[in-house]
């Protein structure tokens, strides 16, 4: 192996650049040439490929977003797209690829491996919805951004004795909602994976008010319903002075946290070492504090399981 | 004068606590006793009044929200409310009042003065919509919060080559939108006070894309329309990959900036000195870097004028 | 068991308040009465003990420092101090104690347990130097604070093509230095536990300059030597345009991160459940993502081991 | 005039990039070609000059430091240096130059103007020590960075009931110390321009402790003495549990605040319009909220005057 390519795919996540840097620097440190591929699999197919040197990834460990850009490209599920991508890899003499992104990225990495180009997938998504890793790159930063915003919302909630319903990101996965909900002392946390009872939440908020609590907070993962909709539900059970807020896309931005930078660096470094060992078709993650690698196929057969004990924990400490 | 009262009124704003601290400490330093009044004019009428000592306002210069709480209380426009409030002031031996808040607060301060209780109004609102002051307490912090959030949104906009429409606060006043729009390099800024042309904005965004710009940003004051609505307007003129975000109530929270803390301290300090001089019915503000005081009546006859030159400036530098 | 006491001891750490809240709320949720003890073991002996209710710990999950205050009190190592503390516990009818702090705190907790008052120790220190826990409460926040500061230092280093030597906290433990060093892309990380070679570091910095890198960064744990001293060493091997910075006590402050809030909440909650089960003399920590409890004696027989693989990792990716 | 050059000089300051962007974009909007000059006057003489297009200054409004780099170059005070610089300007067909920096930058701008190349100086320095402008580019950001750090230091000071002596930047100018001191509720502020009395400060700290204040804070501009030295002075007058901290170079970094971005944009824009009017040898600043321009010679004959009323104000409110 002499040349490797790197691309980012799917939704962007803070720390993707740190991962690209770690891949590039580790590869260079081991005598490889490195190529960046812009716009994910779309750019691979289009041949938007350029050489990276050490200084190209300088000052990238702390920059948000992805300087390789990203794009969704469902066409890469088809043979035609894959063959076109491989033609580009051959043209540039690239032997192996590291793909950083979410679920779709792993399908692409597997397809490339099966066609003879060892590829490793790294979990880059704020949602934390990937199995075989206790955290995805970007998850901690997204939680921090959401927490900071909700801390600010709580300030004004308390000044006015209001209840706030806040949507955080998470279509199918309540991990951001749970961790941020605990961190912000939410009265209730509502996630897509678990049932919830609006009346019970309303009663909880009322009991808190009666106890003298100067604000109320319900954190709702966006996959459940909008904050507006939840507020309407809630008002069926009480005359709350409530407001709805949607945190939105800022949760995808910002300089990565220490955790995300270290995680991205460890995983990016490990991916190159696996490729150097001639391995491919693997999903790299962090489990029990150790970097691990699993067959991408295993990953498709499993689903991420959140730390649902946080719901019970929160229920005990937020009264 | 032996005793003064302090209250916060209307929407909360970062720096209100710093202003309360400055009023309290200055008063104490000049031998006065100080009373906090909770929940604005509502609390005044209800008698929610308590003595403040120096340590009660310790660690308050940097805390967000208002520890005196706030409430809207339109009933204070009526004689009945005013008389009830005055009865409470007499009961506690309070001779004068400092009111921190927005437009409604000044009406209350004027009413109290006319009934024999000198009162001074301080501009405490994030909207910057008060005449005779170049900045209101909370405005700079709200701008910083909005800017930080939009910086993060821009990260993800750039990764995906998207256009974002972002609502910032400002029902009648575009000051947050203008200052934040310039600070974030917005392609366009849309405010309630000035006409705008959606087609022109769409053309501008298209020209930017053609020039190779990797993102688009339109900052829209909430008083104009929702970001969602503006996006629909925009899409009539082009097939933009656009997203709408509403920053929401977090703009009211957060620890105040240096500017807001210093402004609040200067104005709070000045208010007490004016009361000590036997003056009342005044609105205190900052003009050309100096603390000034105007008759509250003058303030009602004027309207705040924004720095609309920022629109032309932004138009020149965002291409 | 009807009443429990809580105290914080040793150096303060962000998240201590979140832990106190979790202990208090969990205890209340299980029908216990809760008492705060101010100024650590000094306050215990002095009887600075007061009842806590649910609202007393409201708005504490995000506040830095410790609202129970802390103090160093070596006298609690003596029988006399312990007996005086126990007399106070009896006087207030307190049956068990949760102690949040560093090494000294565990000795106090063990002493209380041996004298019949079950006590649980929680790891509250920014240094991460406690065995049987992958992170201490405050460690992640301190790393974030240090990282943010070094990110800023790097900005000016790059503008001037300078080398910065930065001291981070850590007398005997290089964990902050290692994690922050990796996160900030340091050219070299110097910690107390491992040998280092100044000439090699100088050569590395020179090679980076020759490659065109626009800044240099060496992160030095304060336990090794001062940044000033290290800079003098470094200049023996080259004519560097270098500056020395000591980050200092700000690393102990700031609102806790998501990680620290969640960790503090989990550990505080678990401590109460252990006490409810009649257990004491235990050190609670987080291992492999699970809350665990060990005999405090085991903890004294072990030493914390840092993740020294970070040094090699950093060496590979910072070239 | 067809082509203008831009350079940054002296110590870097947050907002320099925003100013460069504003100059470049305004020039382009008015049909000019724009050249960046790296490393200040050193790079001018060396011919490190390159064309800038609109996208080269994209994403620069929020980036810290200066992407044009900076260097100190006293040789530009000599005729030889000036003639060499002018030869480079001629070679690149550049007709006028905008210089962003501190005192030395204005001397360079004046020299260029006198030799036939109209030049405008913009105040880019964190120190706020330039006459004819109420704020320099970078000053507000430096104050925010210092304030955030001191807020964190205060957290730990309060947990331990300690006194902190903190050095902020400012060799000859106490503006950062004064504004940050007021914003952080310092017990005392010590600046180079005014006498101070250590015994009085010690008495003040003791009185605060006796009143029950849980921390003490003295902000000392670095031009007075080191925090260590001040602490030694202070301890002559009392047995304080004190710590000394030097905030250091991080005060030069970080993304610029709203104020600095808007200020930089206004001044950069105005500089180009002045050049288009055929003017040179001017120092552009912000006075009473309006952009003004003065002869650089006037600037040399005046000295910046700080807002020393902040000292008295702080003395009244920090008790």
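Going by the order they are written in, the chains are A, B, C and D; count residues from 1 in each one.
Keep in mind that, in the parts below, a residue touches a chain if its C-beta (ideal position, glycine included) is under 8 Å from a C-beta of that chain, and two chains touch if they have at least 3 such contacts.
In this text the structure is predicted, and so the values were computed from the model without any measurement.
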Request  = Hop across touching chains from chain A and tell me the fewest hops that reach chain C.
outcome  = 1
Starting at chain A, fewest touch steps before arriving at chain D = 2
Message = As a quick test, compute the distance in whole Å between the mean CA positions of chain B and chain C.
response = 39
Query = Just curious, how far off is chain D from chain B if you go by their C-alpha centres, in Å?
reply = 28
Request  = Could you put a whole-Å number on the gap between the CA centroids of chain C and chain D?
outcome  = 35
Ask   = Which residues of chain B are in contact with two or more other chains?
value = 151, 154, 158, 214
Message = If every chain is a node and each touching pair gets an edge, what shape is that graph: line, ring, star, complete or other?
response = ring
Key: Inter-chain touch pairs (all)   = A-B, A-C, B-D, C-D
Task = Please name which positions on chain A make contact with chain C in the complex.
result = 21-22, 25-26, 28-29, 54-55, 58-59, 61-62, 134, 140, 143-144, 147, 151, 154, 158, 179-180, 182-185, 211-214, 255, 257-259, 261-262, 265-266, 268-269, 288-289, 307, 310, 313-314, 316-319
Touching residues on chain B, where the partner in the complex is chain A = 8, 11-12, 14, 64-66, 69-71, 145, 149-161, 164, 214, 243, 245-246, 248-254
